[in-house]
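Multiple structures are listed underneath, in structure tokens.
Two complexes are shown next, each including chain A; its partner changes from chain B in the first to chain C in the second.
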Partner chain A sequence: MTAPTAAEAAPPPAARAAAARSPWVSFLLRRLAGLVAVLVTLVVGTFLIVQLIPGDPARTIAGSNATPERIEQLRTQLGLDQPLWTQFTDYAGGVLRGDLGTSFANGQPVTQIIGDRLPFTAELALIAIVLVLLVSVPFGMAVAVACRGGRRRPLDTGFSAVTALAGAIPEYVLGTVLVLAFAITFKVFPAAGAASLGALVLPVLAISVGPICTMARIVRRETAAVLEQDYLRTARGRRLRAVRLYARHALPNLMTSTLTLGGLILSGLLGGTVVVEIVFAWPGLGTAVVNAITSRDYPVIQGVVLVLGLLATLLNLLVDIVLGLLDPRTLNGKAGSA
Partner chain B sequence: MTRPTPRRLWTPTLIAGLAGMAALIVLAVVAPWIWGDRADQLTQQVHRSASGDHWFGTDALGRDVFARTMVATRLTLVTSLGATAVAAAGGIALGAAIWVSGPRVRELGQRLIDVLISYPSVIFALVVVAVLGPGPGTSVAAIGLASCPAFARLTTNLAASIAGRDFVSTARLLGVSPLRLLRRHILPNIAEPLLVLVSVAFTVSLKALSGLSFLGLGAQPPSYDWGRLLSTGLEGLYTNPAPALGPAAAIVLAGLAGGLVGDGLAAAANPAAPRPRGRRAKIESVLTSRAPAPEALVEVGGLSVRRADGTRLVEDVSFQIRPGEIVGLVGESGSGKSLTAMALARLLPEGLEPEAATLRVDDLDLTGAADRARTATEIGIVYQDPSASFNPTLRLGGQLTEALRVHQGVRRGEANRRAIQRLKAARVSLPERRMRQHPHELSGGMRQRAMIASALLTGPRLIIADEPTTALDVTVQAEVLRSLQAANSGEGTAILLISHDVAVISSMCDRVLVMYAGRLVEELPVADLRAGNARHPYTRALLAATPTLHGPVDEPLPAIHGRPPQPAERPSGCAFAPRCPLAREQCREERPVLLKTGPGGAAACHALAWSAETAGSTQ
Partner chain C sequence: MNRPLLTLGAAALTAGLAVTGCTTQSSDSSSSGSGGDKASIAMASDPTTLDPQKGTVAADFLMARMLYDSLVRRDDGGKIIAGLATSWKASPTKAEFTLRDGLTCSDGKPLTATQVAKSISRFADPATGAVSAAQVFGPGNKVTATGDDAGRTVTVSLATPWSDLLMGLSLPQAGIVCGAALDDPGLIKKGAKGAGTGPYYVSTATPGSNYALAARDGYAWAPAFAKMPTGKVPKAVDMRVVQSEATQANQLQIGDLDYGGITGADAARFTGKPGFTIAANPIIRMMVVFNERSGHPGADPKVREAVARALDRQAFNQAVTRGSGVLLTSIADAKVPCVSTDESLLTKTDPAAAKGALKGVKIKVVGTNAVAGGAGNEYVQATLKAAGANVQLRNIDSATWGTDVLGNKGDWDLTVLPNLNLTNLLTTPASQLAGAEPPKGRNFGGVQNAAFLKGMGKALSTTDEAAKCGAWGDAQKALLQRNDVIPLAAANVYNIGTKRVSAITPDGLFQPDTIRIK
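Presenting the complex of A and B:
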């Protein structure tokens, strides 16, 4: 996706000199600067959520049948009567101090709501990410190896058809079907809540199946490309056993291209988690933000969006660090998003 | 060798996808007329499960869910198309604006797009809904805006790649304004990938919009789309699953149709290389009349390499290499010299099948299931392009010593010690440090010398060097060749050196094999080559086309006119006949065989016999 632009292809001399010292130093410095930039963007963005509400934000938030006193009270509470700049510095200062305001709905501090719910969302998302990688990579590789050079056409066609079909199922639909099959009909796993370990199974499956299919397709294509490479012929020339050949000589290379293309799928899992939480009444950030939107609880919306944004950014950074470990060339070449 | 397949637009994938989309559009148009009344009709039959009357059952107000699902097609489709339009128009405009607004803004804008794109679009859409309040119009805007960055990035990336091309620079030199450049020259060229993205964005929008409605943030009652119907159905899932499953199926099928269109368009835009079909390369033995040569170290007898369609790329090649000998294999590209060498190394690419009567190195028979460890350690291979032949993700040390450790059971420390010694011998600087480095940290010449060191590490009897200097700068070629020569003189390793460079061959080799169009046409001692005593017209033409220090500098080098025949179009007679100044009728009809021309020499040419006849008749 990222065709290098002229600016990326030719880094300034200073950057090149820094890269010569240790690619990791300049990489981490660059990413740290990027992280700060994203944080600023997120703070400004979440601040704007309230500001951009069309018409009079206080009136909209209060609802159509609120009394003028209630509207004025809200206006003061939100600081909407202050000049824009003061509002922003108050908000940004609060974020830096770890104060995200209090919920309109129940008066709880937003940080406490997030603290209560974040572990549930993180649990779902992380298990799903691990599952996606553990399943899609061997699956895609196995199909690519089995079908190399045009062998086993039926398997190839079947793989494409199944992954296209299963990949077309949205998380919330799959969640519904899974609940019906395994919670209602067979009563194997609970349909809702996060009370037991078994309760994780269905939501994790609902989140993972689509990304597994998409990733497996990418892995299959990238493996086929890696198998054609000269360095794999060199490895074949050493007459290695199949496991060593594919695991040691093909895997790191196909992972770099797969992660470059599929890294966004992993951070996108966070979005899937938010939606799936509703299906399973999962007490995470997703249900919190959806309920907050329906009840116009803006401090909670702002806080959750900020935290989810940070999580997505950290995931992307993690992917890039793994990329750097796999292939150091990715450290100095590409200056991606933070 | 592989020609790109002609573009096939109408693949089954695309046809199936377009048919599905067409069905959806028809349904969206006609469904409200056909099922509209039934969809809103309140009945006493509430919460019915699926039956012949109500395929998807009924809802809490007794309305037929099948009719409602059909009617909802229109709203679902219209909002999805609307979101796609917002995404495409907004994204392309944003991307184009970033592109035309100067380098500094462009850089900043691309960073911003990167940040936006890495943010999960569902969450981005939720933010837009939070700002504008729930509703169908909002969700169209939300999903559309969430997909904008993808279009913006594709637009700038494509614009960047197109702008580097010649015709754009020409237009710019002619003073065409940036806007006109974009409209007239760039947009038409990037329409196809954008079209693929549009179809992908439609699928994404459909799923995401249904998702928002499912969360209760999209279509608001009394209007309904598939997502809304699904979430309503979900409430009664325990007792009556049909009202949820019906709309769920609709969402999946519509998403699938959109996905198929995207896949089909993408496949048409990037036609995959034709896939050769092949079986496990097991060398088939053929009978040959050639006498075995037990004193030779390497013996190749009757070697052919076939493509899956039966075309022979290498035909009936036989030669020997004596212990300690350097044999050169020379010919134009496509003459089959690399395939011959790779067939001997049993490293032919997928889809090519070798067959041979004899194929052995020392007492290692390579025609059957050859011993893994012996093949790996007794044949060292130096590949053409050192920048592509090392694994970029692995440190050099592990790659150099792998065969040693895997097949000879040498422990890592000892293997490293030996490898460092070899690197030193190959005059690689800082060998200890190189072992810990990745291949891209070495220069090309150094990589190739490391490759030679690696090939020598297991103490092979034969080294196959496939154009070892072709990919290198002229200045470092000599050093690489010296490394090879040192291996030969130092340890008596025999070398098969493949090259199209007659000068390299004549300076390195003891004996030369000349290939043309997949056949061996001449074999001669290097002294004859240097003295210009080649017998085959092709070898002579090849020598004449090679610049020398003694030749006249003010005359153009004679070129060989025409080009070698394609493998499938090789004539039954001599393949060189169409380009040969001596060719007669016999050459076109009858294939010449290799005949001895003198000590260590042989050539496949009818003209040799004619000159003998003329010589005989004059006496």
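Presenting the complex of A and C:
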């Protein structure tokens, strides 16, 4: 048996390059397959879920004064007299063509309804998540640094108590209190509507306070752990300036948990600001889907849930890509801390 | 490692602000609050359509009133006043109208009698899918509408008598659509200039937020109600979608909204408060209706009577409206023409007498939670239980209730019917107790009451007011004496305006086109 030559042992340059890229290639392939699976699940799931909701859409939309003839006419127009399988193939075929159907209630294309409403929801959610990150990360880090090594116990206890309490306030209670204080009593901001930038302030605050508290608590805990790492002790020993020390050496190590949680919060905000939308008469997707459920408007329920589900999936993918850029070990599912 | 973080943050912020700019721009132009020559009115939901003839919910009717005029209007006491028509003659099978001179559509083009007739024909045509057509012309009636442009007259003829025709043509659903819109339905869909005959057209619409209306030129035929509000006609009206009554109340309180409609506890915030006008209108009429089909307890007249004896209208009113509603004496309240106000026709409350007849009777109460969360259903359940009945309650959402009870697809014995009667006609609740049963008809309780049907038929065959009311009186007496219906109470809709504006609710129905800036 002869030893392999250098040329035989070493892979060719192209293969080496592929191997170097392989974590990303396999990561993206895995996630793409996951995306397709999620899409299929969403299409089937949303179709089946609406069928399980009791109540006849034709009767609901026609109203209590409708004649039986009108109800039957509407049922035919809406395709509800077709076999379930035919309804599903029509729906799935439409989704593949980018056509989410038309609203049973008002005849508008569902894509138009989503197009009208999504910017309002996205506006609230994106501004809120930026606020959450801008407030909670420095806040959590500052408390962790101040309380490092068991110092300033009262501050730590106060931080825990305040964030637990404020984080537990339901959005609708907070929203109502904010309106009472800042719209009705002091008349600083509008009570509701989406007419001006000022109208954003109260709803953004109402949906941000809870996530700020949650995120700040996570950041505080993660920072405390990072501060005990050897490399940070070494960095401190080199007497680096505090801003450089914490921003450059501590912050990147908080990113995995912060971004992961941030992605989840943003997904939740995109789909779950219903109550706040109602309190502030905000014309977002949340109220659209709740009204669609009430009126048994199947295409709108299906379309909105589908789009929100896809958005959440894409958002998670985006977060994972960012985490992969920050720490390539996460591409293989390995922990990225420290 | 900081760079990706900064990039991400900047991207999120930019995206947020970009979207902010986008949505702000779309709504800024149309809903920048009240003030000047602009008024704002709240709607509890988006309109489902801007086509007046296809309207089914309150927001549809509000928008229809702003965009389309009807031939006639209805004032207090059911009095018919001029709309697009200045004079009229009506019989149970025919109505003739003479149009005003100088009528134009919102694009300035003349409105002819032929166009009016075409609009009415479209309304009556089953292919249009106008739910209210049955209320206006009678279910399945053959309708012929003709227009004489030279004489400016319009004639509407019915194959079978329907004495509600004139009243029906005063409804917002009977708004006259202009010729251009009949040729181009896109105009109706948008409520655009040229679609309607009313005082406004839609300038911009932001679904879920607001519909900005602009006053049209050349509108000089506003209806003259007896108690017409004073002030200037607004040059623009912002029809705001405000789903939460608490939010409406907040906006009214701080002057961000001029006019709203509240049914719940938030109305109390304005009671006796200076600077606000409140008009209480009992529109949500609630009554018990039985499933009278064989095998159900409601088939037994003694059980129906015992239930009527057990229930107390005042206690029900307290449970549902905290006592602020109006006690009913029939299937509608006293504002509705020809309604019976004779309390002696009602079965007297006598819980002791009810106990014997209801002991051990199994009753499935199925009610909607749309009014006060279903507090009325819970009251009925508790009262019948106290009378010894074995009661099961399903307090469900309106859509499920509509299918299970109104469509008779569920298992139910008794329901509290909340009749949202925006026509203020006796025919609206009565038609749910007459005729074929679902799926062929609307008689969801399977009520078989020959005397009631006879009286109703007679009432719909005459336009003589005395004869009509006499016949309706007989019909209601027959219903109440058999306890086919147990009238309970009507919840008020409180129409609340700020001191900036005034508007009226003739015959208990808010007319948004009467809003004026003081």
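Going forward, the second predicted complex is superposed on the first by the 265 of 338 C-alpha atoms of A that agree within 3 Å, B and C clash if a C-alpha of one lies under 4 Å from a C-alpha of the other, contacts with A are read in each partner's own complex, and residues count from 1 in each chain.
Criterion: a contact is a pair of C-beta atoms (placed from the backbone, for glycine too) under 8 Å apart; a residue touches a chain by one contact, two chains touch by 3 or more.
These numbers were taken from a predicted model, which means no experiment stands behind them.
Chemist: In the superposed arrangement, which partner chain does A:L270 touch: chain B (first), chain C (second), both, or neither?
Modeler: A:L270: touches chain B, not chain C.
Chemist: In the overlay, answer first, second, both or neither for which of chain B and chain C A:P83 touches.
Modeler: Neither partner.
Chemist: Let me test your reading of the model: by the given contact rule, A:P154 touches which partner, first (chain B), second (chain C), both or neither?
Modeler: neither
Chemist: Touching A:N106 in the superposition: chain B (first), chain C (second), both, neither?
Modeler: second
Chemist: Please work out whether A:G98 is in contact with chain B alone, chain C alone, both, or neither, and reply first, second, both or neither.
Modeler: In the superposition, A:G98 contacts neither chain B nor chain C.
Chemist: Once the structures are superposed on A, label A:A66 by its partner contacts, choosing first (chain B), second (chain C), both or neither.
Modeler: second
Chemist: Please work out whether A:D230 is in contact with chain B alone, chain C alone, both, or neither, and reply first, second, both or neither.
Modeler: first
Chemist: Just checking: does A:L74 make contact with chain B only, chain C only, both, or neither of them? Give me first, second, both or neither.
Modeler: second
Chemist: Pick one for A:A194: touches chain B only (first), chain C only (second), both, or neither.
Modeler: second
Chemist: Can you give me the overlap between the chain B contact set and the chain C contact set on chain A?
Modeler: 54, 60, 176, 179, 184, 248, 252, 278-279, 294, 326
Chemist: Which residues, counting only chain C, touch chain A once they are in their complex?
Modeler: Going by the criterion above, the answer is residues 1-2, 4-5, 8-9, 12-13, 15-17, 19-20, 22-24, 26-28, 31-33, 45-49, 56-57, 126, 129, 131-132, 134-135, 139-140, 206-210, 240-244, 246-247, 250-251, 253-254, 256, 396-400, 402-404, 406-407, 409, 420, 428, 432, 436, 438-442.
Chemist: Mind listing the chain B positions that touch chain A in their complex?
Modeler: It is residues 103, 106-107, 110-112, 114-115, 117-123, 126-127, 129-134, 153-154, 156-158, 160-161, 164, 203, 207, 210-211, 214-217, 230, 234, 237-238, 241, 244-245, 248, 251-252, 255-256, 259-260, 263, 275-278, 345, 347, 349-351, 372-373, 375-376, 381, 383-385, 388-394, 399, 402-403, 406-407, 438, 440 of chain B that touch chain A.
Chemist: Which positions of chain A touch chain C when the two form their complex?
Modeler: 54-57, 59-70, 72-74, 77, 105-108, 113, 116-117, 119-120, 122-123, 126-127, 129-130, 133-134, 176, 179, 183-184, 187, 190-197, 200, 247-248, 251-252, 255, 259, 278-281, 283-284, 287-288, 291, 294-296, 322, 325-326
Chemist: Enumerate the contact residues on chain A facing chain B in the complex.
Modeler: Chain A residues touching chain B: 1-3, 5-7, 37-38, 41, 45, 49, 52-54, 60, 148-151, 164-165, 167-173, 176-177, 179-180, 184, 229-240, 244, 248-249, 252-253, 256, 264, 267-272, 274-275, 278-279, 289-290, 292-294, 298, 301, 305, 308-309, 312-313, 316, 326-329, 336-338.
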